[in-house]
Amino acid sequence: ACAGQSSEPEDKKEVQNKKEKVRVANWSQLISEQTNLLVDEEKKFFTNEGLSVEVIPGAGGGDAIKNILTGKADIAFTDPGSLFSALNKGEKLKVIYNIYPQNVFNVVSLKESNITKPEDLKGKKIGVYSLASGTRQNLLVLLHQAGLTEKDVTIVETGLLNFAPLMQGQVDATAATDTGLYLGKQKGLGEVNVMEVKDSLNFPSDFFVVTEETYEKKQDLLKSFLAGYEKSASWMIEHPEEAADLAVKHAIDGKDKENNLEIIKLRNASSVSELTDEKGLGFFDMNNIQEAADLYKKLGLIEKELNMSEIITEELVPKKQ
Amino acid sequence: MKNAKLISFLLFIMLLVGWEAIAKTMSELVLPAPSVIFMTLYEGMLDGYFLPHIIRTLSEVLLGLILGSLFGFIVGILMGEITFLRKLLFPYVIASQAVPKLALAPLFILWFGFGMTSKVVITALICFFPLLENTVTAIQFTDRQKIELFRVLDATRFQTLIRLEIPAGLPSIMAGFRVAVVMSVVGAVVGEFIGGSEGLGAMIIASQGMMDTPLMFAILTLLTVIGMGLYQLVLLIEKKLLKRYTKEKLL
Amino acid sequence: MKNAKLISFLLFIMLLVGWEAIAKTMSELVLPAPSVIFMTLYEGMLDGYFLPHIIRTLSEVLLGLILGSLFGFIVGILMGEITFLRKLLFPYVIASQAVPKLALAPLFILWFGFGMTSKVVITALICFFPLLENTVTAIQFTDRQKIELFRVLDATRFQTLIRLEIPAGLPSIMAGFRVAVVMSVVGAVVGEFIGGSEGLGAMIIASQGMMDTPLMFAILTLLTVIGMGLYQLVLLIEKKLLKRYTKEKLL
Amino acid sequence: MGFLVIDDVSYSYKDAENILRNIDLTIEQKEIHCLVGRSGCGKTTLLKLASGLLAPARGNIYMKESKVLKPSSEVGFVFQAPTLLEWKSVLDNILLPISLKRKITEADRTRAVHLLEMMGLESYGDYYPTELSGGQQSRIAIARALIKKPSMLFLDEPFAALDAITREELQDDLVKLCQMEDISVLFITHDLAEAIYLGDRVSVMERGEIVYRLDVPLQRPRIGELRYDPVFNELCLKVKSVMSGESS
Amino acid sequence: MGFLVIDDVSYSYKDAENILRNIDLTIEQKEIHCLVGRSGCGKTTLLKLASGLLAPARGNIYMKESKVLKPSSEVGFVFQAPTLLEWKSVLDNILLPISLKRKITEADRTRAVHLLEMMGLESYGDYYPTELSGGQQSRIAIARALIKKPSMLFLDEPFAALDAITREELQDDLVKLCQMEDISVLFITHDLAEAIYLGDRVSVMERGEIVYRLDVPLQRPRIGELRYDPVFNELCLKVKSVMSGESS
């Protein structure tokens, strides 16, 4: 399991001396679902690539992109919504890795309200984290598939504790993510109906994004990083228990090991797809993402026509060994 | 003084020019240029895009300010007059203030709904404290001689309060009110951050979602203007009220 | 007074019992019971889970408070003494206050980095205002007779400030400081909201992400305790400083 | 029993030292009782006790046979310092005692203007206290004490800031008023001639005790020339010698 | 040219009325100049102008040949009200003028204690102003004015709150001190006897003008008995008659 890991002190020192710094701007705090990014101390995924990775916390995918634009970070861990918005504003960005090819968003309602398909949402009050969040954009995607628009429903912001108003009956449904739903269930959310966005349009949840400048100037560095990341992701897929253990120490929300394990399992599931089984982690389904971008324009979330093939590059993604 | 206005204006222009220069070197997403912000603002005002949001936020600010200040003033009086109440209530007052409203926002929504009420309550809660503290202090530090005068005049406690302690403490109370006025703007906006689809706070969030930083700065400019307007209004009221208090101009 | 303490304590217990009863009828996600919160708090303290976060937030609070209050105090003095400066700076002061700090987060990070500095700056910015306003007011409303005394003694402007205006305005300035102290806690926490991985603010965000409301309430309780502790400290200092100011106890 | 009876009263601000010791003093109705004594001997303290502003540590104070527990609204008080409210006009300051009890009537205003005239300040009604000279301020304080037609006046050096002429005019006015409106007066002054000219009786205090009492053997109405009367001067000298400790 | 020269000075608080009109006054070195006049006639205003606290609307004021533009630190001033700092002890209040100029030395403390003794308040050094009687407060204000060994004193009714005996003692002390330390004095008082007893010259003000000047024809040292001297009384009566407008 620990192949490639060096245990000799001198060796370690030598590697450390050569380490190059990579700063990853995260969309969130350092949370358990990203344990693979945080365990370099123990697992040396990045050290072995000659890197020292610093993960910079943020409050949303927009922050992550702003942080690479200002040079505060090299790589952004961000969602397609934020990416599209930034591209829409004319920013020069490159997408270099498909972190979660699976869409993790969903819309949850209580069993008794009998909302089983997107059409049932018409005229209902639906909660989202915030108007700026992926929950809203993904909700719109789901509605669109049912021929509904934002005007056919009432969208309200509920904050991160979005299941509370659902349980109190203040909203009919709430847009969430798979991990959020899991936690909600843990906290006593009863019988629910879940509609997954991936059943409407299964576009990815998060990418690694860099600026064009970084892409051009630091190709080797990025390659090394992605290689390290790929190893770490594989490790987490193979050893969820070990990751859950380490998350207790490294993740700010990693207090409970059982929860960590379940969340890591969910993320592991969203990290793989038929395509990645075939080509390896991190590869893209170009058409699918182009479709998502087109839909975002159609939904009025962005104004510009985006050509994703110019933006996305698979050059740096480690090839499957 | 005319000279002063000129200097003030020049400084403002210089700041804008400096900003414009810095902004040119940066992504609009991070720091938009004043010219861009101004255009966004101008267009938004022209086509009436901002108006409903301004009205909404302003209503919340005013309602919250009035309720919060009044409540802070009254509780300040009670806590200033009655030591027992001061000791009894103080932990709850601190709790209500030291806890970030943003964290409690989901609870406020639960209790007060998604409508204006929860925002007004948050605003009121934020305005409440500066008025409370300044009122307590003003009441506690009234000139003893004048207190003796009122005792000799057989004034009731209430009269002493209304006719002496409050007028004598007015400068200090107004200082608290000035703080409250400016904070009320923040209060309403923070309230709108969560659970709002109208108002300037909701627009800030929406602009962040769209990564439309010029729009966000346009809204922040609006907020500054609103804050400044309210502050000037208070200064005006104060000037009338406190005419008799200022120290005379000396040589 | 002993009786008062008892009543205060009983009220507290009653509130807790009432809360417990209401919470029992609700999901923990919506409103956790005090007993649950207390257990979370107790365990977190015991296993040292909270400690680094407390230390971090407390450092930010103290640093921000010291810097912000000092700055507010000094700018307050300058603006109180020099009418020109007052007019010149006031729009910028209001702008810095009426704009929600949370919205400016990316800029703060750009200028001050991800570390403690940006949080300290936000805290300082928030503490700054109440001190400023109260200092300006205190300085403007000094007793004329005493000002004349100092003029006759040929005191410099600086001496008049240090020896007269500040001591005479101390009660009002301390009221501003009390507000600043409590707000500094909010400031640090809000600063940590915008991308921190340490500190109680970051924990609040994390707890919300985990939907761990008991944890969130435990942290809010900690914040309240910190706020109360700091406030009490200020009261203690104040008691010493202002011994000579309080109105005498009458019949 | 007298109008105001101070019965074996002691008082101390700090626990250590007794500021007043076993004071006995009776003031009859319509009596003008003057209190003199060296600065710091406790005159103001006694006045505050008598008016109910301070509570005696020992002993009792009675006014009209009932114990004084707090200031009565039948009483007028002039403090040693004028103590006016800066944010009210002169006229409003004078009317303050009434406005605390009931709505101001036209009659009240007339009386206030009349008192202003008596104080020689008829044109100052709309001024604010900070625009007045020291002596003008103290006269406003006197007018304020008189506005409610009190049955008892406590005056703490009311004329100290006034020139000789104004002072003499006001002395005569005060006596007239007291006789007309049946007012008893406890009057602190440092001016011995004033004490003798005004007082029915004069008490001399020394270090917290009353060391000498004088029933002033002069007829009323006392007129201005009395001041130059040898008997008058002798009485002044007598009191003065008591105060300088020559006869104690 | 005199030590202090007030040359054709006019002043008004509000634009409408002239409070002071064309005042001319010269005070020689070591002269004690007493200023009397009815309450509200403008004495305090003149004192504030002379000391540089107010700027004349017209005319000039010179001290030691140079124009007075702001209060000089060579001057001691006693306001009509004591104006002490409540948060400082009595001793610190007295030392305030020095502490504004330099570090307090042991010698300063000794002088402060000496002045306290002169004021009869030796045991009150550690008290706070609010714990003092009115007369005690005004004596602290006097001590504060003397601490810096001023070459000129402006005194606004400094003894008004004092009893006859303390007052006479302090009068004698003041004269001695002024002769010893070469101090010129402008002294406002309402006590005509005091004016004549202390003053080398006496000026009488009336409605903003100086209407009468008197060179007091009495020898120094003047001793206590002088007060009962017929010449002395005559002078008092003369001034009084001027004040009541009988000779104007």
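Miscellaneous remarks
Chains: A, B, C, D and E, in written order; residue numbering restarts at 1 for each.
The definition used in the following text is that a residue touches a chain if its C-beta (ideal position, glycine included) is under 8 Å from a C-beta of that chain, and two chains touch if they have at least 3 such contacts.
Just so we're on the same page, UniProt names per chain: B, C = ABC transporter permease; D, E = ABC transporter ATP-binding protein.
No experiment lies behind these values; they were computed from the predicted model shown.
If you take chain A and chain C (ABC transporter permease) together, the chains in touch with both are B. Of all chain pairs in this entry, the one linked by the most C-beta contacts is B-C. For this pair, chain A with chain D, the centres built from the Cα atoms lie 86 Å apart.
If each chain is reduced to the centroid of its CA atoms, chain C (ABC transporter permease) and chain D end up 50 Å from each other.
Contacts with at least two other chains are made by residues 53, 70, 81, 130 of chain E. Chain B (ABC transporter permease) has residues 30, 106, 110, 144, 148, 151, 193, 208, 245, 248, 250-251 in contact with two or more other chains. For chain A, the set of residues touching two or more other chains reads 66, 70, 159-161, 164, 168. Interface residues of chain B (ABC transporter permease) facing chain C (ABC transporter permease) in the complex, by the touch rule stated above, are 4-5, 7-8, 11-12, 30-31, 84, 87-88, 90-91, 94-95, 97-104, 106-107, 110, 129-130, 133-134, 136-138, 140-144, 147-148, 151, 171-172, 174-176, 178-179, 182-183, 185-186, 189-190, 193, 201, 204, 208, 216, 220, 223-224, 226-228, 231, 245-248, 250-251. Chain A meets chain B (ABC transporter permease) in the complex at residues 60, 62, 65-66, 69-70, 81-82, 85-86, 88-91, 130-133, 136-137, 155-161, 164-165, 168, 170, 301. Chain D contributes residues 48, 51, 53, 70-73, 75, 77, 79, 81, 83, 85-87, 96-97, 99-100, 128, 130 to its touches with chain B (ABC transporter permease) in the complex. Across the complex, chain D meets chain E through its residues 13, 36-40, 43-44, 80-81, 121, 131-136, 139, 156-157, 160-167, 190-192, 240, 243-244. Put simply, chain B (ABC transporter permease) touches chain A in their complex at residues 26-30, 105-106, 109-110, 113-114, 193-197, 202, 205-206, 208-212.
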